[in-house]
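Here it is, the structure, as C-alpha coordinates.
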(Lines give C-alpha, C1' and ligand atoms only; values in the text may rest on other atoms or scores of the structure.)
Protein backbone atom coordinates (compact mmCIF):
# COMPACT_ATOMS: atom_id res chain seq x y z
CA UNK A 1 0.00 0.00 0.00
CA UNK A 2 2.60 2.54 0.99
CA UNK A 3 4.77 1.65 -2.01
CA UNK A 4 1.80 1.99 -4.36
CA UNK A 5 1.17 5.47 -3.05
CA UNK A 6 4.82 6.37 -3.23
CA UNK A 7 5.25 5.41 -6.86
CA UNK A 8 2.49 7.75 -7.95
CA UNK A 9 4.07 10.91 -6.62
CA UNK A 10 6.39 13.33 -8.35
CA UNK A 11 10.06 12.34 -7.80
CA UNK A 12 10.94 15.98 -7.15
CA UNK A 13 8.42 16.11 -4.33
CA UNK A 14 9.66 12.88 -2.86
CA UNK A 15 13.26 14.11 -3.02
CA UNK A 16 12.30 17.30 -1.20
CA UNK A 17 10.42 15.43 1.53
CA UNK A 18 13.20 12.90 1.99
CA UNK A 19 15.86 15.58 2.16
CA UNK A 20 13.93 17.51 4.80
CA UNK A 21 13.31 14.38 6.83
CA UNK A 22 16.89 13.13 6.69
CA UNK A 23 18.08 16.26 8.47
CA UNK A 24 15.63 15.58 11.31
CA UNK A 25 15.95 11.84 11.43
CA UNK A 26 19.57 11.99 12.44
CA UNK A 27 18.69 13.76 15.69
CA UNK A 28 15.61 11.72 16.57
CA UNK A 29 16.40 9.11 19.21
CA UNK A 30 16.39 5.39 18.50
CA UNK A 31 14.35 2.95 20.61
CA UNK A 32 17.22 2.83 23.05
CA UNK A 33 18.03 3.45 26.72
CA UNK A 34 21.55 3.98 28.03
CA UNK A 35 22.70 3.77 31.63
CA UNK A 36 26.01 4.68 33.16
CA UNK A 37 26.49 2.97 36.50
CA UNK A 38 29.14 4.85 38.45
CA UNK A 39 28.08 3.74 41.92
CA UNK A 40 29.24 0.64 43.74
CA UNK A 41 26.18 0.41 45.97
CA UNK A 42 23.92 -2.63 45.88
CA UNK A 43 20.74 -0.54 45.97
CA UNK A 44 21.78 1.61 43.01
CA UNK A 45 22.78 -1.49 41.04
CA UNK A 46 19.36 -2.93 41.79
CA UNK A 47 17.70 0.23 40.49
CA UNK A 48 19.82 0.20 37.32
CA UNK A 49 19.00 -3.46 36.63
CA UNK A 50 15.28 -2.97 37.23
CA UNK A 51 15.32 -0.13 34.68
CA UNK A 52 17.50 -2.11 32.24
CA UNK A 53 15.45 -5.32 32.34
CA UNK A 54 12.20 -3.33 32.22
CA UNK A 55 13.36 -1.41 29.15
CA UNK A 56 14.64 -4.55 27.42
CA UNK A 57 11.33 -6.32 28.12
CA UNK A 58 9.55 -3.38 26.46
CA UNK A 59 11.63 -3.92 23.33
CA UNK A 60 14.14 -1.12 23.79
CA UNK A 61 17.84 -1.60 23.08
CA UNK A 62 19.73 -1.19 26.37
CA UNK A 63 23.39 -0.53 27.14
CA UNK A 64 24.88 -0.22 30.61
CA UNK A 65 28.30 1.39 30.95
CA UNK A 66 30.05 0.44 34.16
CA UNK A 67 32.53 2.99 35.35
CA UNK A 68 34.52 3.70 38.54
CA UNK A 69 33.01 1.90 41.56
CA UNK A 70 30.31 0.49 39.30
CA UNK A 71 32.91 -1.78 37.68
CA UNK A 72 32.82 -4.01 40.78
CA UNK A 73 29.60 -5.54 39.47
CA UNK A 74 31.40 -6.95 36.43
CA UNK A 75 34.18 -8.67 38.35
CA UNK A 76 34.21 -12.43 38.45
CA UNK A 77 37.38 -12.55 40.49
CA UNK A 78 40.06 -10.23 41.80
CA UNK A 79 43.65 -10.90 40.77
CA UNK A 80 46.64 -9.45 42.57
CA UNK A 81 49.40 -10.90 40.39
CA UNK A 82 51.33 -8.36 38.41
CA UNK A 83 49.64 -5.37 40.07
CA UNK A 84 51.40 -2.43 41.67
CA UNK A 85 51.11 -1.93 45.41
CA UNK A 86 48.49 0.77 44.91
CA UNK A 87 46.48 -1.38 42.50
CA UNK A 88 46.61 -4.25 44.99
CA UNK A 89 45.30 -1.98 47.72
CA UNK A 90 42.44 -0.72 45.53
CA UNK A 91 41.63 -4.30 44.55
CA UNK A 92 41.43 -5.43 48.16
CA UNK A 93 39.37 -2.46 49.25
CA UNK A 94 36.74 -2.51 46.53
CA UNK A 95 34.07 -5.20 46.23
CA UNK A 96 34.67 -8.02 43.77
CA UNK A 97 31.39 -9.01 42.18
CA UNK A 98 27.71 -8.27 42.68
CA UNK A 99 27.40 -10.46 45.76
CA UNK A 100 29.75 -8.26 47.79
CA UNK A 101 28.27 -4.82 47.04
CA UNK A 102 27.30 -2.83 50.14
CA UNK A 103 24.12 -0.81 50.67
CA UNK A 104 24.38 3.01 50.29
CA UNK A 105 22.53 3.44 53.60
CA UNK A 106 21.94 1.35 56.69
CA UNK A 107 24.60 -1.12 55.57
CA UNK A 108 25.97 -1.71 59.10
CA UNK A 109 28.80 -3.91 57.93
CA UNK A 110 26.53 -5.99 55.75
CA UNK A 111 23.58 -6.44 58.12
CA UNK A 112 21.35 -3.98 56.26
CA UNK A 113 22.32 -5.62 53.00
CA UNK A 114 21.39 -9.06 54.31
CA UNK A 115 18.09 -7.67 55.61
CA UNK A 116 17.22 -6.04 52.27
CA UNK A 117 18.08 -9.24 50.44
CA UNK A 118 15.90 -11.26 52.77
CA UNK A 119 13.01 -8.79 52.42
CA UNK A 120 13.31 -8.95 48.63
CA UNK A 121 13.20 -12.73 48.77
CA UNK A 122 10.10 -12.72 50.97
CA UNK A 123 8.38 -10.43 48.46
CA UNK A 124 9.56 -12.68 45.64
CA UNK A 125 11.46 -9.80 44.06
CA UNK A 126 14.38 -10.99 41.92
CA UNK A 127 17.81 -10.73 43.56
CA UNK A 128 20.53 -8.55 42.06
CA UNK A 129 22.21 -11.67 40.64
CA UNK A 130 18.95 -12.84 39.04
CA UNK A 131 18.27 -9.38 37.59
CA UNK A 132 21.80 -9.26 36.20
CA UNK A 133 21.36 -12.69 34.56
CA UNK A 134 17.96 -11.67 33.18
CA UNK A 135 19.43 -8.48 31.77
CA UNK A 136 22.07 -10.46 29.91
CA UNK A 137 19.49 -12.96 28.64
CA UNK A 138 17.38 -10.08 27.34
CA UNK A 139 20.38 -8.82 25.39
CA UNK A 140 21.31 -5.84 27.56
CA UNK A 141 24.80 -4.83 26.44
CA UNK A 142 27.22 -4.48 29.35
CA UNK A 143 30.30 -2.37 28.74
CA UNK A 144 33.24 -1.84 31.09
CA UNK A 145 34.80 1.63 30.93
CA UNK A 146 38.37 1.22 29.71
CA UNK A 147 39.64 4.37 31.40
CA UNK A 148 38.37 3.22 34.80
CA UNK A 149 39.90 -0.21 34.21
CA UNK A 150 43.27 1.42 33.48
CA UNK A 151 43.16 3.75 36.47
CA UNK A 152 42.04 1.10 38.93
CA UNK A 153 44.30 -1.57 37.47
CA UNK A 154 41.47 -3.94 36.54
CA UNK A 155 42.30 -6.42 33.78
CA UNK A 156 39.97 -8.07 31.24
CA UNK A 157 40.62 -11.41 32.97
CA UNK A 158 38.98 -10.12 36.13
CA UNK A 159 35.73 -9.33 34.28
CA UNK A 160 32.83 -11.64 33.51
CA UNK A 161 32.87 -13.36 30.14
CA UNK A 162 30.91 -11.62 27.41
CA UNK A 163 31.36 -8.17 28.87
CA UNK A 164 32.46 -5.61 26.28
CA UNK A 165 34.93 -2.82 26.92
CA UNK A 166 34.63 0.72 25.61
CA UNK A 167 35.51 4.35 26.17
CA UNK A 168 33.56 7.55 26.54
CA UNK A 169 33.01 7.83 22.76
CA UNK A 170 31.24 4.45 22.72
CA UNK A 171 29.13 5.54 25.66
CA UNK A 172 28.21 8.90 24.13
CA UNK A 173 27.47 7.25 20.79
CA UNK A 174 24.78 5.17 22.52
CA UNK A 175 23.57 7.90 24.91
CA UNK A 176 23.11 10.48 22.14
CA UNK A 177 20.79 8.11 20.26
CA UNK A 178 18.74 7.19 23.34
CA UNK A 179 15.22 8.08 24.37
CA UNK A 180 16.48 8.27 27.95
CA UNK A 181 19.92 8.06 29.54
CA UNK A 182 20.69 7.93 33.25
CA UNK A 183 23.75 8.45 35.42
CA UNK A 184 23.36 6.14 38.40
CA UNK B 1 -4.73 28.95 6.35
CA UNK B 2 -2.92 25.66 6.77
CA UNK B 3 -6.09 23.73 5.95
CA UNK B 4 -6.60 25.76 2.78
CA UNK B 5 -3.09 24.87 1.63
CA UNK B 6 -3.52 21.24 2.56
CA UNK B 7 -6.69 20.75 0.60
CA UNK B 8 -5.00 21.86 -2.60
CA UNK B 9 -2.33 19.21 -2.61
CA UNK B 10 -2.34 15.79 -4.21
CA UNK B 11 -3.69 13.16 -1.75
CA UNK B 12 -0.91 10.77 -2.80
CA UNK B 13 1.70 13.35 -1.82
CA UNK B 14 0.02 14.02 1.46
CA UNK B 15 -0.19 10.31 2.22
CA UNK B 16 3.53 9.92 1.51
CA UNK B 17 4.49 12.86 3.72
CA UNK B 18 2.23 11.71 6.56
CA UNK B 19 3.52 8.18 6.40
CA UNK B 20 7.13 9.34 6.54
CA UNK B 21 6.41 11.67 9.41
CA UNK B 22 4.47 9.14 11.46
CA UNK B 23 7.53 6.91 11.67
CA UNK B 24 9.56 9.79 13.08
CA UNK B 25 6.88 11.32 15.28
CA UNK B 26 6.67 8.24 17.45
CA UNK B 27 10.29 8.68 18.55
CA UNK B 28 10.25 12.45 19.00
CA UNK B 29 9.91 13.39 22.68
CA UNK B 30 6.82 15.06 24.10
CA UNK B 31 7.03 18.28 26.11
CA UNK B 32 7.77 16.24 29.17
CA UNK B 33 10.40 15.81 31.89
CA UNK B 34 10.68 12.68 34.06
CA UNK B 35 12.58 12.35 37.31
CA UNK B 36 13.33 9.27 39.34
CA UNK B 37 14.19 10.16 42.91
CA UNK B 38 16.08 7.28 44.48
CA UNK B 39 17.87 9.25 47.17
CA UNK B 40 16.56 9.98 50.64
CA UNK B 41 18.69 13.09 51.12
CA UNK B 42 17.08 16.47 51.73
CA UNK B 43 19.48 18.26 49.37
CA UNK B 44 18.77 15.90 46.47
CA UNK B 45 15.02 16.19 47.09
CA UNK B 46 15.40 19.96 46.97
CA UNK B 47 17.23 19.70 43.64
CA UNK B 48 14.56 17.41 42.20
CA UNK B 49 11.74 19.73 43.28
CA UNK B 50 13.48 22.82 41.91
CA UNK B 51 13.80 21.06 38.54
CA UNK B 52 10.23 19.73 38.70
CA UNK B 53 8.58 23.03 39.60
CA UNK B 54 10.77 24.90 37.11
CA UNK B 55 9.82 22.51 34.32
CA UNK B 56 6.11 22.62 35.23
CA UNK B 57 6.21 26.43 35.30
CA UNK B 58 7.68 26.34 31.77
CA UNK B 59 4.68 24.31 30.61
CA UNK B 60 6.30 20.88 30.53
CA UNK B 61 4.49 17.78 31.81
CA UNK B 62 6.43 16.46 34.80
CA UNK B 63 6.42 13.09 36.55
CA UNK B 64 8.50 12.18 39.58
CA UNK B 65 8.96 8.50 40.40
CA UNK B 66 9.92 7.92 44.01
CA UNK B 67 11.84 4.73 44.59
CA UNK B 68 13.89 3.16 47.40
CA UNK B 69 15.02 5.78 49.94
CA UNK B 70 13.25 8.45 47.90
CA UNK B 71 9.88 7.02 48.98
CA UNK B 72 10.39 8.62 52.40
CA UNK B 73 9.31 11.93 50.90
CA UNK B 74 5.84 10.58 50.17
CA UNK B 75 5.14 9.25 53.64
CA UNK B 76 2.52 11.01 55.70
CA UNK B 77 2.95 8.62 58.59
CA UNK B 78 4.74 5.43 59.45
CA UNK B 79 2.65 2.47 60.53
CA UNK B 80 4.05 -0.55 62.34
CA UNK B 81 0.86 -2.59 62.66
CA UNK B 82 0.84 -5.78 60.67
CA UNK B 83 4.47 -5.47 59.59
CA UNK B 84 7.12 -8.13 59.94
CA UNK B 85 10.03 -7.54 62.34
CA UNK B 86 12.29 -6.59 59.45
CA UNK B 87 9.73 -4.22 57.97
CA UNK B 88 9.31 -2.59 61.39
CA UNK B 89 13.06 -2.10 61.64
CA UNK B 90 13.26 -0.56 58.16
CA UNK B 91 10.30 1.67 59.01
CA UNK B 92 11.94 2.93 62.18
CA UNK B 93 15.31 3.50 60.55
CA UNK B 94 14.17 5.39 57.48
CA UNK B 95 12.80 8.93 57.57
CA UNK B 96 9.04 9.36 57.50
CA UNK B 97 8.17 12.44 55.48
CA UNK B 98 10.00 15.35 53.92
CA UNK B 99 10.55 17.14 57.22
CA UNK B 100 12.81 14.38 58.54
CA UNK B 101 15.14 13.91 55.56
CA UNK B 102 18.84 14.28 56.40
CA UNK B 103 21.46 16.19 54.40
CA UNK B 104 23.83 14.11 52.21
CA UNK B 105 26.80 16.00 53.65
CA UNK B 106 27.51 17.98 56.82
CA UNK B 107 24.33 16.67 58.39
CA UNK B 108 25.87 16.30 61.87
CA UNK B 109 22.80 14.69 63.36
CA UNK B 110 20.51 17.32 61.88
CA UNK B 111 22.53 20.46 62.64
CA UNK B 112 23.64 20.93 59.03
CA UNK B 113 20.08 20.38 57.89
CA UNK B 114 18.78 23.00 60.29
CA UNK B 115 21.49 25.39 59.15
CA UNK B 116 20.67 24.88 55.47
CA UNK B 117 16.98 25.36 56.15
CA UNK B 118 17.66 28.57 58.03
CA UNK B 119 19.96 29.85 55.25
CA UNK B 120 17.27 29.09 52.67
CA UNK B 121 14.73 31.00 54.72
CA UNK B 122 17.00 34.02 55.05
CA UNK B 123 17.43 34.05 51.26
CA UNK B 124 13.67 33.65 50.86
CA UNK B 125 14.14 30.40 48.97
CA UNK B 126 11.13 28.10 49.24
CA UNK B 127 11.49 25.26 51.74
CA UNK B 128 11.30 21.65 50.63
CA UNK B 129 7.71 21.43 51.92
CA UNK B 130 6.73 24.57 50.00
CA UNK B 131 8.40 23.30 46.83
CA UNK B 132 6.62 19.98 47.19
CA UNK B 133 3.25 21.71 47.61
CA UNK B 134 3.97 23.98 44.63
CA UNK B 135 4.92 20.97 42.52
CA UNK B 136 1.58 19.34 43.30
CA UNK B 137 -0.33 22.57 42.60
CA UNK B 138 1.43 22.83 39.23
CA UNK B 139 0.23 19.34 38.36
CA UNK B 140 3.51 17.46 38.81
CA UNK B 141 2.55 13.78 38.90
CA UNK B 142 4.05 11.95 41.88
CA UNK B 143 4.31 8.20 41.61
CA UNK B 144 5.45 5.74 44.28
CA UNK B 145 7.37 2.73 42.98
CA UNK B 146 5.33 -0.37 43.78
CA UNK B 147 8.32 -2.70 43.90
CA UNK B 148 10.09 -0.53 46.49
CA UNK B 149 6.87 -0.33 48.51
CA UNK B 150 6.64 -4.13 48.51
CA UNK B 151 10.27 -4.67 49.43
CA UNK B 152 10.33 -2.09 52.19
CA UNK B 153 6.87 -3.03 53.45
CA UNK B 154 5.34 0.43 52.85
CA UNK B 155 1.56 0.45 52.48
CA UNK B 156 -0.63 2.87 50.50
CA UNK B 157 -2.04 4.12 53.80
CA UNK B 158 1.39 5.44 54.76
CA UNK B 159 1.59 7.59 51.63
CA UNK B 160 0.24 11.10 51.08
CA UNK B 161 -3.20 11.36 49.52
CA UNK B 162 -3.25 11.82 45.77
CA UNK B 163 0.03 10.02 45.21
CA UNK B 164 -0.16 7.46 42.40
CA UNK B 165 1.58 4.11 42.41
CA UNK B 166 3.29 2.50 39.46
CA UNK B 167 5.98 0.12 38.32
CA UNK B 168 9.02 0.36 36.09
CA UNK B 169 6.89 0.12 32.91
CA UNK B 170 4.93 3.24 33.92
CA UNK B 171 8.20 5.01 34.64
CA UNK B 172 9.82 4.00 31.35
CA UNK B 173 6.67 4.91 29.45
CA UNK B 174 7.06 8.48 30.71
CA UNK B 175 10.86 8.62 30.52
CA UNK B 176 11.00 7.37 26.92
CA UNK B 177 8.72 10.21 25.82
CA UNK B 178 10.63 12.90 27.73
CA UNK B 179 12.88 15.68 26.56
CA UNK B 180 15.02 15.06 29.61
CA UNK B 181 14.99 12.42 32.33
CA UNK B 182 17.12 12.38 35.47
CA UNK B 183 18.08 9.81 38.09
CA UNK B 184 18.51 11.70 41.34
CA UNK C 1 21.27 20.09 -6.32
CA UNK C 2 18.80 20.22 -3.49
CA UNK C 3 17.82 23.78 -4.41
CA UNK C 4 17.26 22.78 -8.05
CA UNK C 5 14.92 20.02 -6.95
CA UNK C 6 13.13 22.25 -4.50
CA UNK C 7 12.31 24.95 -7.02
CA UNK C 8 10.51 22.48 -9.27
CA UNK C 9 7.90 21.44 -6.72
CA UNK C 10 4.45 22.84 -6.11
CA UNK C 11 4.56 25.64 -3.48
CA UNK C 12 1.43 24.19 -1.84
CA UNK C 13 3.17 20.87 -1.37
CA UNK C 14 6.26 22.52 0.04
CA UNK C 15 4.15 24.57 2.44
CA UNK C 16 2.42 21.42 3.67
CA UNK C 17 5.70 19.56 4.20
CA UNK C 18 7.33 22.50 5.94
CA UNK C 19 4.36 23.01 8.21
CA UNK C 20 4.30 19.37 9.23
CA UNK C 21 8.02 19.34 9.85
CA UNK C 22 8.07 22.54 11.87
CA UNK C 23 5.81 20.98 14.48
CA UNK C 24 8.24 18.08 14.88
CA UNK C 25 11.47 20.02 14.58
CA UNK C 26 10.77 21.98 17.73
CA UNK C 27 10.83 18.81 19.83
CA UNK C 28 13.80 17.13 18.17
CA UNK C 29 16.95 17.54 20.26
CA UNK C 30 19.89 19.67 19.15
CA UNK C 31 23.42 18.28 19.02
CA UNK C 32 23.79 19.07 22.67
CA UNK C 33 24.56 17.40 26.02
CA UNK C 34 23.69 18.95 29.37
CA UNK C 35 25.07 17.96 32.76
CA UNK C 36 24.03 19.06 36.20
CA UNK C 37 26.78 18.45 38.73
CA UNK C 38 25.24 18.38 42.19
CA UNK C 39 27.94 16.33 43.89
CA UNK C 40 31.08 17.65 45.54
CA UNK C 41 33.03 14.41 45.13
CA UNK C 42 36.24 14.29 43.12
CA UNK C 43 35.30 11.02 41.41
CA UNK C 44 31.93 12.31 40.24
CA UNK C 45 33.53 15.52 38.98
CA UNK C 46 36.03 13.39 37.05
CA UNK C 47 33.17 11.41 35.48
CA UNK C 48 31.32 14.59 34.53
CA UNK C 49 34.42 16.12 32.92
CA UNK C 50 35.24 12.94 31.00
CA UNK C 51 31.69 12.98 29.57
CA UNK C 52 31.82 16.74 28.90
CA UNK C 53 35.20 16.75 27.14
CA UNK C 54 34.29 13.58 25.21
CA UNK C 55 31.04 15.11 24.02
CA UNK C 56 32.70 18.41 23.09
CA UNK C 57 35.42 16.54 21.17
CA UNK C 58 32.65 14.78 19.22
CA UNK C 59 31.25 18.16 18.18
CA UNK C 60 28.34 18.36 20.60
CA UNK C 61 27.47 21.58 22.44
CA UNK C 62 27.98 20.98 26.16
CA UNK C 63 26.75 22.85 29.23
CA UNK C 64 27.53 21.93 32.82
CA UNK C 65 25.34 23.38 35.57
CA UNK C 66 27.04 23.38 38.94
CA UNK C 67 24.65 23.31 41.86
CA UNK C 68 24.84 22.67 45.61
CA UNK C 69 28.07 20.87 46.57
CA UNK C 70 29.08 20.83 42.92
CA UNK C 71 29.68 24.59 43.08
CA UNK C 72 32.92 23.92 44.98
CA UNK C 73 34.57 23.07 41.66
CA UNK C 74 34.06 26.61 40.38
CA UNK C 75 35.58 28.37 43.36
CA UNK C 76 38.88 30.12 42.87
CA UNK C 77 38.99 31.33 46.44
CA UNK C 78 36.81 31.41 49.50
CA UNK C 79 35.98 34.79 51.00
CA UNK C 80 34.67 35.28 54.51
CA UNK C 81 34.29 39.07 54.48
CA UNK C 82 30.72 40.27 54.68
CA UNK C 83 29.28 36.80 55.25
CA UNK C 84 26.93 35.81 58.02
CA UNK C 85 28.13 33.39 60.70
CA UNK C 86 26.28 30.52 59.01
CA UNK C 87 27.67 31.41 55.59
CA UNK C 88 31.18 31.52 57.08
CA UNK C 89 30.69 28.08 58.58
CA UNK C 90 29.45 26.64 55.27
CA UNK C 91 32.37 28.28 53.48
CA UNK C 92 34.91 26.76 55.85
CA UNK C 93 33.35 23.31 55.76
CA UNK C 94 32.96 22.94 52.00
CA UNK C 95 35.90 22.48 49.64
CA UNK C 96 37.16 25.53 47.79
CA UNK C 97 38.24 24.52 44.30
CA UNK C 98 38.79 21.30 42.38
CA UNK C 99 42.05 20.48 44.12
CA UNK C 100 40.36 20.04 47.48
CA UNK C 101 37.46 17.77 46.49
CA UNK C 102 37.28 14.51 48.44
CA UNK C 103 36.59 11.04 47.07
CA UNK C 104 33.06 9.62 47.54
CA UNK C 105 34.54 6.36 48.85
CA UNK C 106 37.82 5.30 50.42
CA UNK C 107 38.78 8.92 50.96
CA UNK C 108 40.38 8.30 54.37
CA UNK C 109 41.04 11.96 55.04
CA UNK C 110 42.56 12.48 51.62
CA UNK C 111 44.73 9.35 51.37
CA UNK C 112 42.43 7.60 48.90
CA UNK C 113 42.22 10.78 46.86
CA UNK C 114 46.01 11.06 46.72
CA UNK C 115 46.24 7.40 45.73
CA UNK C 116 43.66 7.78 42.94
CA UNK C 117 45.43 10.87 41.65
CA UNK C 118 48.75 9.06 41.63
CA UNK C 119 47.24 6.04 39.85
CA UNK C 120 45.71 8.33 37.23
CA UNK C 121 49.09 9.96 36.67
CA UNK C 122 50.83 6.61 36.26
CA UNK C 123 48.26 5.64 33.63
CA UNK C 124 48.72 9.03 31.97
CA UNK C 125 45.06 9.86 32.49
CA UNK C 126 44.41 13.60 32.65
CA UNK C 127 43.94 15.02 36.15
CA UNK C 128 40.70 16.70 37.15
CA UNK C 129 42.37 20.11 36.74
CA UNK C 130 43.59 19.21 33.24
CA UNK C 131 40.17 17.88 32.26
CA UNK C 132 38.53 21.04 33.55
CA UNK C 133 40.95 23.21 31.54
CA UNK C 134 40.40 21.07 28.43
CA UNK C 135 36.64 21.34 28.85
CA UNK C 136 36.89 25.13 28.91
CA UNK C 137 39.22 25.15 25.88
CA UNK C 138 36.73 22.99 23.98
CA UNK C 139 34.02 25.54 24.68
CA UNK C 140 32.09 23.66 27.37
CA UNK C 141 29.82 26.24 28.98
CA UNK C 142 30.08 26.24 32.78
CA UNK C 143 27.18 27.76 34.67
CA UNK C 144 26.89 28.32 38.42
CA UNK C 145 23.40 27.88 39.86
CA UNK C 146 22.29 31.23 41.23
CA UNK C 147 19.91 29.75 43.79
CA UNK C 148 22.66 27.60 45.30
CA UNK C 149 24.99 30.61 45.34
CA UNK C 150 22.36 32.60 47.26
CA UNK C 151 21.62 29.84 49.75
CA UNK C 152 25.25 29.00 50.44
CA UNK C 153 26.34 32.63 50.41
CA UNK C 154 28.78 32.25 47.51
CA UNK C 155 29.56 35.46 45.65
CA UNK C 156 30.56 35.92 42.00
CA UNK C 157 34.00 37.05 43.18
CA UNK C 158 34.64 33.61 44.63
CA UNK C 159 34.05 31.92 41.26
CA UNK C 160 36.53 31.38 38.44
CA UNK C 161 36.60 33.99 35.71
CA UNK C 162 34.49 33.23 32.66
CA UNK C 163 31.98 31.15 34.57
CA UNK C 164 28.37 32.10 33.78
CA UNK C 165 25.55 32.18 36.29
CA UNK C 166 22.00 31.00 35.68
CA UNK C 167 18.86 29.60 37.20
CA UNK C 168 16.76 26.53 36.69
CA UNK C 169 15.08 28.00 33.58
CA UNK C 170 18.47 28.38 31.87
CA UNK C 171 19.31 24.81 32.83
CA UNK C 172 16.01 23.38 31.61
CA UNK C 173 16.26 25.40 28.41
CA UNK C 174 19.50 23.57 27.61
CA UNK C 175 18.45 20.17 28.99
CA UNK C 176 15.18 20.08 27.04
CA UNK C 177 17.07 20.57 23.77
CA UNK C 178 19.70 17.93 24.57
CA UNK C 179 20.31 14.47 23.16
CA UNK C 180 21.28 13.38 26.65
CA UNK C 181 21.22 15.06 30.05
CA UNK C 182 22.66 13.71 33.27
CA UNK C 183 22.30 14.49 36.97
CA UNK C 184 25.67 13.73 38.56
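The chains carry the letters A, B and C, assigned in the order they are written, with residues numbered from 1 in each.
The working rule: contacts are C-beta pairs under 8 Å (C-beta built on N, C-alpha and C of every residue); 3 or more make two chains touch, one makes a residue touch a chain.
The structure presented is a predicted model; accordingly, all values stated were derived computationally and were not measured.
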> Same or different: at the chain A/chain B interface, is the fraction of residue numbers used by both copies above or below half?
Replying inline: different
>> What's the rotation angle, in degrees and to the nearest 5, for a C-alpha fit of chain B onto chain C?
In response: 120
>> Report the inter-centroid distance (CA atoms only) between chain A and chain B in whole Å.
In response: 22
> What are the residues of chain C that contact at least two other chains?
Replying inline: 10, 13, 17, 21, 24, 28-29, 181-183
> Residues of chain C touching chain B in their complex?
Replying inline: 10, 12-13, 15-17, 19-21, 24, 27-29, 34, 36, 38, 40, 67-69, 84, 86-87, 89-90, 93-94, 147, 150-153, 167-169, 171-172, 175-178, 181-183
>> Under the stated contact criterion, what part of chain A meets chain B in this complex?
In response: 2, 5-6, 8-10, 13-14, 17-18, 21, 24-25, 28-31, 33, 43-44, 46-47, 50-51, 54-55, 58, 60, 104-106, 115-116, 118-120, 122-123, 125, 179-184
